[in-house]
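First chain written, first letter: the chains are A, B, C and D, and each begins at residue 1.
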Amino acid sequence: MTVLLPGLVLLPLIAGGFAALFRQQGRWITLATGLGMLVMLVLLSIDAWGVGQYQGLWTLGGWERPLAIAWYLDDLAHLMLLLVGLVSLAIMAYAWFDTETSDHFWGLWLGGWGAMNALLLSSDLFNIYVTIELLGLVAVALVALSTKAGAAAAAMRYLIISLTGSMFFLLGVALIYGQYGRLDLIGLAEVVEHNWVTHLAWSIMLLGLLAKTAAWPLHGWLPLAHGRAPTAASALLSALVIKASFYLMWRFGVGPFAALSNELIAMLLALLGTMAIFWGSWRAWKTPLLKELIAWSTVAQIGYLLIGLAILFNPQSILTVSEQFNPSLLLFWLIAAHALTKAGLFLVAGNLILLTHSYQLKDQLAVLCNSPLTLWTLGLGSVALAGLPLTLGFIGKWWLIESSVALGQFWLLAPLILGGVFTLAYMGRLLQPAFEQRLLCQYAPKQSDGRPAECISERQLAWPLLAVPFILVLSVWVLALFPLYPWGATL
Amino acid sequence: MFLIDIVALLMVVIGLVFFVAGTLGLLRFTDDLTRLHALTKADNLGLGFVLLGMTLLFFNLLVMLKLLLIWVLVIISAATVSHVIGQRAYKQLLHRSESQDDHR
Amino acid sequence: MNEIAIYLITGSVLFCLGLWGVVMREHLLHKILGVNIMGSAAFMLFLAFAARAEPADAVPHALVLTGIVVAISAMALALALMKRVAKESEQHQATLEDSQ
Amino acid sequence: MIIVDLLLALTIVLVAARCLYTSNLAESVVMFIVFGLLLSLVWVRLYAPDTALAEVAIGAGLAGALLLATLSQLHLTHAAKATAMARISLIIPVLLGGALGVSLLSLVQPAPGLSDLVMNNITQSGVEHPVTAVLLNYRAWDTALELAILMWAWAAQRALGPNLAWHGVRLQGLVLVYFSRLMVPLLALVAGYVLWQGAYAPGGAFQAGALLATAFILAFIVQQAQLGQANPAVIRRFIHHWAVKLLWLGGLLAFFVVGLAGLLLGYGFMGYAPAYAGALILAIEIAATFSIALILAALFTGEGRRYE
């Protein structure tokens, strides 16, 4: 193992430590780190395209597997590493130009990035617990960075839920160790059998992870935390942090605990997902606050991911992996589409708040009439979020629909299709008056400098603040044009 | 050997009796200063007896020295802590009697 | 019935008690202590499993040592956050009642 | 001995219940400290002296100090009384937990675990004490990440903004000063001893770090109590001096440097050359001890900015 994989974890952790301790230099440390990480991610992907020498199992410390901690890099982990890296870089670029970014942000998120990478690579139950705790602490601190009223309470609620979820996970790990005497996922996959303790442990871990992902009945903390966090933090949390616990459910469910999957648990997850789509969309439709609207939409979008999980966990599903094609990885594109779109939308919301100094949806419409790029970003983002054809989300959603039909679960078509309609509906709350207003503005009385009255223009902002969200949202469309599988085989 | 065991056991039991007495005082006495008195005096003596019993059981110079060190450290910290608590309790007492004077 | 059975049951009861504190008590300090008690309960299960082997299995011991430091870190953050919540709330009350 | 276990188990459950149930926060905190002390007894009964040491120092001692300090900074120290429903519902966790525990009894007898693997490889690991071998050799990556957690818990705490003011009482007399002059060097000495002993007996970086942190905190509290809070606390400024801050990262850096060196020399990431393993582990442990001690102390003292 050359230095690439450890570097992806160590570099952000070391740099983040320095950035946290010496906050005045945090920005510049982050810039250097970001460039370094970009280079490493590119090198890793080039390798995956050609040789693939990094793929597979790595045991740390030169010991054999049950004793040592193992890392495991496969296509899914690799794609997640890329997604986390690119979205982080984009959001950090935004935060660089955002005048309200706290100097605590850099050190905190570098730590979160390192924790995320360590989590994605890890193949050891207890090591995963340590990484999710690190990520959880960072995430809570990111929410608490905001000085807005209620941010501390939202962060506190998030911390309590997150810690309780971790404790459930830890209890599950303890039970697994008691039953099998080992913690490595690969080894567990070989020995796991049907018995009460194993089922109990897996359910407890699943429960903890569902709470950390903000699945439907356990979602209460998310709109508060994501709605009140600073802009860049909201984007990171919604795009990446909740995906970490989702990734773990996916990993465990098809890895060590695949033998335990049954139709009951799949049905339960599908129900939770359905409820999440309906309830999240409804609340997004009702809320008067822009950021809370986007946060509630995250709750709804998690519903899609849960339905995807239900399909993965259903033993009837046909998930044969051929040379060219691993169908379950289509779910990854749903994650990627959501991460990219949601990051973009939260950044746009941040722009609108910067311009109007208001969190209310109705105040922000005034900006849109004279802000073509913001309007385009919102429009493209809404369509991408709804998962209409030609976007990346459609690839994932189509797979969900196809699989539901193949499984005979026709009722799932209702949430899957209606969810997209709902998305357009609640995003339309922002878009439809904006288009109307834009028309009105063109005929409105002009000021002396030629700009329409009572319009705040996006041109008051630095251009990167507009470009970053646009690029994020556009990438959801562009990626859908490219071949599905970046490096050929088995993906 | 057997005799030593019995003596050691006796010491530990005596120590425990002192502990029980100290705890009773802590629970039953009415104000902070007397509680402190019950606790520190009885417990230090109790700990001394228990440790004495232990030394007899092990009868090893190194262990003896360690146990002695424990006893000395506990006594020092107990004295300091009760000094601090006592000051606090005394101030509260003064404060209370002052406010009673005000009422009259 | 040996000590391992006793501590397995105690650990389970403690975990549920901690969860009760997190869910049912309003004050944040109780919630924080509840989470810590849940963690200690998980440690108790780990160590009870370790004590089955002769000599005791060292791996869970190391895991619990790591876990204790993680728990104190989380507790330090939680207490600091609780103080800020109490300061920002109108009655200086450290509960989550006014956050909805 | 089974009676001792039963009594201990019963007491610990009652103490935990009381800790969560009472509406007096001070009582809650004291009960939690008692809970930590009882836990360390349980750990001793479960043949885990290392964790017992750490539990006393961290779980009861440091956590207790943090909790008491928090209590002195809060305005209100009474929570709402538990409602009647909450009181009745207390039966649920006891029954549910009991049922859960009984259902786990199938795990009592066979003893799968990594004990044999740990002992078979111990000669290669550089230390004689199996727990230290697991912590700093077999599963060193966990330990490194855990130092990162400490680091980021501090960063997160700092990100929350200024701390609340203390409601300290100014003490008369110099008893505390003399006490700290005796105790701080002794604590440092014991920390060094515990660290050194970790190679072959219970002890190591965690326990030593916690002891050293206690020394810092003791010195800080004594200074606070004797001088009153208007004076700048020297200890806090020492801990937050930029050169000392480098030591905070020392543990993490030592792990990473040694880990990468192992990678480049062909022993795998986080691997050691067996011949030098003992020395490398000791070096890492020394760095980690300072990191743990300084960060834990900094978590207690705060950076110094206070709300007015």
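Everything below uses one rule, namely that a residue touches a chain if its C-beta (ideal position, glycine included) is under 8 Å from a C-beta of that chain, and two chains touch if they have at least 3 such contacts.
Because the structure is a prediction, the values reported are computed rather than measured.
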| item | value |
| --- | --- |
| Best-connected chain pair, where connection means C-beta pairs in contact | C-D |
| Where chain B and chain C are represented by their mean Cα positions, the distance between them in whole Å | 31 |
| CA centroid of chain A to CA centroid of chain B, Å | 57 |
| Centre-of-Cα separation between chain C and chain A, whole angstrom | 28 |
| Centroid spacing, where centroids are CA-atom means, of chain C and chain D in whole angstrom | 13 |
| Set of chain A residues in contact with two or more other chains | 126, 130, 133, 137, 140-141, 144, 152, 175, 177-178, 181 |
| Numbers and ranges of chain D residues touching at least 2 other chains | 100, 104, 107, 111, 113-114, 118, 138-139, 142, 146, 149, 152-154, 156-157, 160-161 |
| Multi-chain contact residues (two or more partners), chain C | 15, 18-19, 45, 48-49, 57, 59-60, 63, 66, 70, 73-74, 77, 81-82, 84 |
| Complete list of chain pairs which touch one another | A-C, A-D, B-D, C-D |
| Of all residues in chain D, those that touch chain B in their complex | 169, 171-173, 175-176, 179, 182-183, 186, 225 |
| Touch list for chain B against partner chain D, complex | 73, 76-77, 80, 83-84, 87-88, 91 |
| Touching residues (chain side chain D, partner chain A) in the complex | 100, 103-104, 106-107, 111-114, 117-118, 121, 137-142, 145-146, 148-149, 151-161, 242, 245-246, 248-249, 252-253, 256, 259-260, 262-264, 267-272 |
| Residue ranges of chain C touching chain D (in the complex, touch as defined) | 1-21, 24-27, 29-30, 33-34, 36-37, 40, 43-45, 47-53, 55-66, 68-77, 79-84, 86-87, 91-95 |
| Interface residues, chain C side, partner chain A - complex | 15, 18-19, 22, 28, 31-32, 35, 38-39, 41-42, 45-46, 48-49, 57, 59-60, 63, 66-67, 70, 73-74, 77-78, 81-82, 84-85, 88-89, 96, 98-99 |
